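Several structures are given next for inspection.
What follows is a pair of complexes built around chain A, which joins chain B in one and chain C in the other.
Moving on, here comes the complex of A and B:
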């Protein structure tokens, strides 16, 4: 009899959902994106994009008539506080572990993130694999008006950032990489930017491009696509790219670049720290607006390419180190690895060191294919 | 003369009749033998005896006998002489008392009494109807021999013997069952099977005290190691080629009269997941199929519990698109995930039981009801979500990949336990379940062989043979 009673109790426990850390599965609503904006008095406005589950089109979900996503927002001193307010609006249980995008408004990024991002360090039910984007317009507005081919814009953005084809001109960073770099002076954070590109009616087509450069927890400026590509090479994030060289006025040759290997080594000479950058790779002619004769012009093309790339690399390093004072290519960490004692001595004044750093850059590309025209 | 009176035929006939409670199928036939016209009496049980054999081997030689070969004054000798030189049945002998004779009578032998002789001659005239040899329905093969065991022990032994024509095959016959007197044969190859193993099997069968054995399961349950375990520690098969293979491996087989299922010992988990067909297919194919079977075994055990555990405790593990479609599919379903899964599992078990029990002629009705009504309509009516049906269906299909019926039954029961554990503790619960299972499996043995051998204790060569079907040419090379 006792066993029967115990069995009935056990059965009841198991069938009651919500018990014992069980998740109330049927009340789940997946949060696909979180937007962060500044508000008055140092508060933060949190926008949460909830996606409405839909059947895949293949399973007959194409004809469903419901809103694919809904945005809720609330203001709080901490993100947690705002999310609790959102909970009251949304009524369902918010499911954070599959968040795809964390969108940070540029104004908030420039104001400083340290006070707020603590939430992402501590909260367990969240996705550290979500991508971080900095939005040129307020994040709330971006989430509201973005229009993409996919029903939920965050899905589209994540797939784009995950994919390999976007690589050369685009950095990408996930939450787990982003968070520690906010405090890592030897390797600062960068994040892809997103901004309105084309307005059509009420919705905007968003463009993911450029790169937001952070200095500690503050954003300090933007890098263009070409500069982002060089940062990608120097941080070993991508090994390919493309470049358009100007041969003469209004005459240009486009190259696609492959197998790029970049080496950043700190060199110490007479107590003066300098940076040695070596970039090697292969180039392929894609388009030319002038007639080319390979045999005659091969050497010329190569030299022009190497020269242009060399100055591009130099300008980029100059911009991030001197103008922004931020070590986004991880030179500090390279020094830390090769000369730990030197790094301990210099890290206190690292920003100053960066501004006065000597750079020795050499770029050598080999032209592998000319396009089989001659 | 007193002797003759003492062994008066009528009295002895009466004696036997009383023992059998004057059963109506006991037939007695009196006759007179030879010129002296010595009265004799034949008794047999109708229907157990092949009448034609009886007539050819016993009746006509006796009746056509002109002179008794021996002196009538010494009737015991005379009976022996009859057996020796008159009766043409392949088996005939003289026993001393009725106690010895009656069990033989019940087996279909014929008793011969002679006036004045104290002994009883028993003559083998057994003639039982047997089923023809057919393909074993419980284990069909695409390639391989198609004969299966039948209910007759003699036929079954012959099916094995004709596969291994070696003098070293031994057949030990025992009688089990105080009422049923069932014949049980222990088969082994004496220079391959370990003598202590054979002795142990013989001892265990000898110890069996039961009144009747109607199927080999009776024996299996009584002789198996760790009888309380859910897992079968005795192998059962319906295929003679399987038994032949078992004997060649040095294991011991047990055939039971009246059952087409042979038993084999020792039997480990790896044995239960092998089929004879593995040896008949090309080695890459056979290895692939074997792995598939291992996967099927795990799927059968774990799929529903992983479904329940992930959804109720770790939905973040489900890929986003899949989560989205599961959430949509579950919209409006009234039951929690656990209840839904249990409901579907139970429905499937009921369907399966029904399809075994129902008459063949209405088989299609059940499948229509099962597939269409329960599957399709339950989803449309919003009672069950379609992912649950997919999970249960996949589990069901995976369960048919396990070749052993008894193991498959065990896994079916354990599956429910796993689902309950998963619903309480999530994936953590599944791990607890697997640990408990592992502890149990590594603690049981079958005839001294660890149940998880050759995986634990690890024996490399045998482990490789378990994972891969090593082609014969490699094995031959190694032997040289």
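Moving on, here comes the complex of A and C:
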């Protein structure tokens, strides 16, 4: 028995050589962003932004002159094939679990994504928490020319999308939310857009704004910031916002909106499906270009605000349902949750149902005192 | 010979850890695609099935104090009882091979793709075999530590995952009626039922009268924790995505955060792999003890050594893998056969015990 135990202990020496597939730290490079663009014959161009961390000054990195990131790109029939080619260029093992951003070029998004994004479903090392953005310019160009305060642009974009302080006019979506909506009829995908805002030498200062609307796996159009915030309310993704109301020519009041609660309810009457939307919240006057008296003009301001918001909600719903034929609000899922049998009947022709849907919208905001009497 | 004894809390944690780790590796891929958000009913029914079996084994254990399932089977049914014990022990053997295959296959596809399967089955068998050869006391002591780690890490994980939970993903309930959830109960029921190993552990308990209460509460807690994991997976990623993933709980831990830490799937796997170690070590010990009692050998240890090559090699053979990946095996045959043996053996012995005078 002692000999067996000694033998087992001796066998442990075999472990000294290390484990299967060990990768030393200096052979590993972290992928910060992945860019996807279309190429010829249905191929896809993949760009990866690799972080090149500099050592802290205390660790002797003070005099280092290293580029903070390097971009590599390659073309392949699948994303996997392109990434294998990039691996040969980078000569390092690519580490994907910390990928911050997946940037999809608008042209590829309009061509259709489902064939390519299968990679993100299957590849276990991919980060399902990475944020998805649609780039107005080719993703490769955006990653090459973007200039941000942070050394690696993808880090800046992720922090911005993650932060609660970001403007409510923006949607945000992570890969695990984006993927299933590409083939989910009752709740389809949206993604924030990114595009050049200002040129500074060879670099571009990028702006994250507007929203790309998808119908199944294809992008079908854009929503403005104001429309995006309404989508955010209706999908329960945000409970705040801002709006500028025009009282008369060159006379406007800016409101900050809080505690917004939106309710989207399917109503079935005589076999006719309609959508009941109720939006409630509080508004606070942020600034006004006209003299205001809170007590005297409260009712007038409230009516103008509610009227303007009501038509904004109506126009947004009209745009996504009738113009784009896409259910980014998740009304289909709301119907599925409350009337499963009805959903089963209607989901086959859901796009047609959306286009002919009646809506009953009511908006009621209460104006809160802003601390001033006038 | 001095009989190894385990305390009440040790027995509780052996059962709890076994339920948690068996459910983590085996149940999600069958249950979620079939019943989605109604799985809580399947898990509850599975627990109820197990409680009934536990009640029968408890009564038998009290009727034949100090005797294990193998020993009282012989006392009740004579030579036929030996055959019944053999069936139970072979069933434990099949469960071990199946569970080690699921474990190795999952680790290979999710975490260590370059590592040969035999490394997983080999290390697990080596560790659990070693623990089994030391006896149930050492396994039981370790189960207390690991069970506590599972409970604490689960509690923190559930609390810190609240921001990513969308409760509306858990609706509609019973979209296709209660039928699928009732049928789906066979999956958790069959895996929970493996706790008929209670019949082998009961003689080791210092106070056997408390066995039923402990067993039922351990299964309840295990089922509750794992139902929590399964429902969290659906609430975070939606039933549509969760039903397409091989192990949605694993994907859930890829998405969520533990306090400030991201990508905690390795940590979760570590916890459940340790849990699997307890489960296999207990099953291994129970099997060796059972064979030793059945064939009346002096010690159970030679059986531990004899079984080890089979547990290393059988789960990774191409034939086993093909059989495991053959859908009707895990979807139909395993739960049906498991439930028949778990429920059938306990009922047969219980009924048989009425016709046999108790020998003390």
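Here is the rule we go by: the second predicted complex is superposed on the first by the 336 of 374 C-alpha atoms of A that agree within 3 Å, B and C clash if a C-alpha of one lies under 4 Å from a C-alpha of the other, contacts with A are read in each partner's own complex, and residues count from 1 in each chain.
In this section, a residue touches a chain if its C-beta (ideal position, glycine included) is under 8 Å from a C-beta of that chain, and two chains touch if they have at least 3 such contacts.
Just so you know, these numbers come straight off a predicted model, no measurement behind them.
Q: On the A-aligned overlay, A:13 touches which partner chain: chain B = first, chain C = second, or both, or neither?
A: First partner only.
Q: Applying the document's definition of touch, where does A:180 land relative to chain B and chain C: first, second, both, or neither?
A: A:180 contacts chain C only, not chain B.
Q: Check the residue A:26 against both partner chains and state whether it touches chain B (first), chain C (second), both, or neither.
A: first
Q: One more residue to check, A:100. First (chain B), second (chain C), both or neither?
A: A:100: touches chain B, not chain C.
Q: With both complexes overlaid on chain A, does A:51 touch chain B (first), chain C (second), both or neither?
A: first
Q: For the three-chain arrangement built by superposition, which of chain B and chain C touches the greater number of chain A residues?
A: Between chain B and chain C, B touches the greater number of residues in chain A.
Q: Return first, second, both or neither, reflecting whether A:127 touches chain B, chain C, both chains, or no partner chain.
A: Both: A:127 reaches chain B and chain C.
Q: Once the structures are superposed on A, label A:268 by its partner contacts, choosing first (chain B), second (chain C), both or neither.
A: Neither: A:268 stays clear of chain B and chain C.
Q: Taking the two structures together, which residues of chain A meet both chain B and chain C?
A: The answer is residues 20-21, 97-98, 127 of chain A.
Q: For the complex, give me every residue of chain C touching chain A.
A: It is residues 109-116, 119, 168, 171-172, 175, 236-238, 240-241, 244, 251, 254-255, 262-263 of chain C that touch chain A.
Q: In the complex formed with chain B, which residues of chain A make contact?
A: Per the touch definition, chain A meets chain B at residues 13-17, 20-23, 25-26, 28, 30, 51, 53-56, 59, 61, 95, 97-98, 100, 125, 127, 155.
Q: Over in the complex, which chain B residues touch chain A? Could you list them?
A: Contacts found on chain B: 311-313, 315-316, 320-321, 323-325, 327-331, 333, 336-339, 420, 423-426.
Q: Can you list the residues on chain A that touch chain C in the complex?
A: Going through chain A, the ones touching chain C are 19-21, 97-98, 121, 124, 127-129, 176, 179-180, 184, 333, 336-338, 340.
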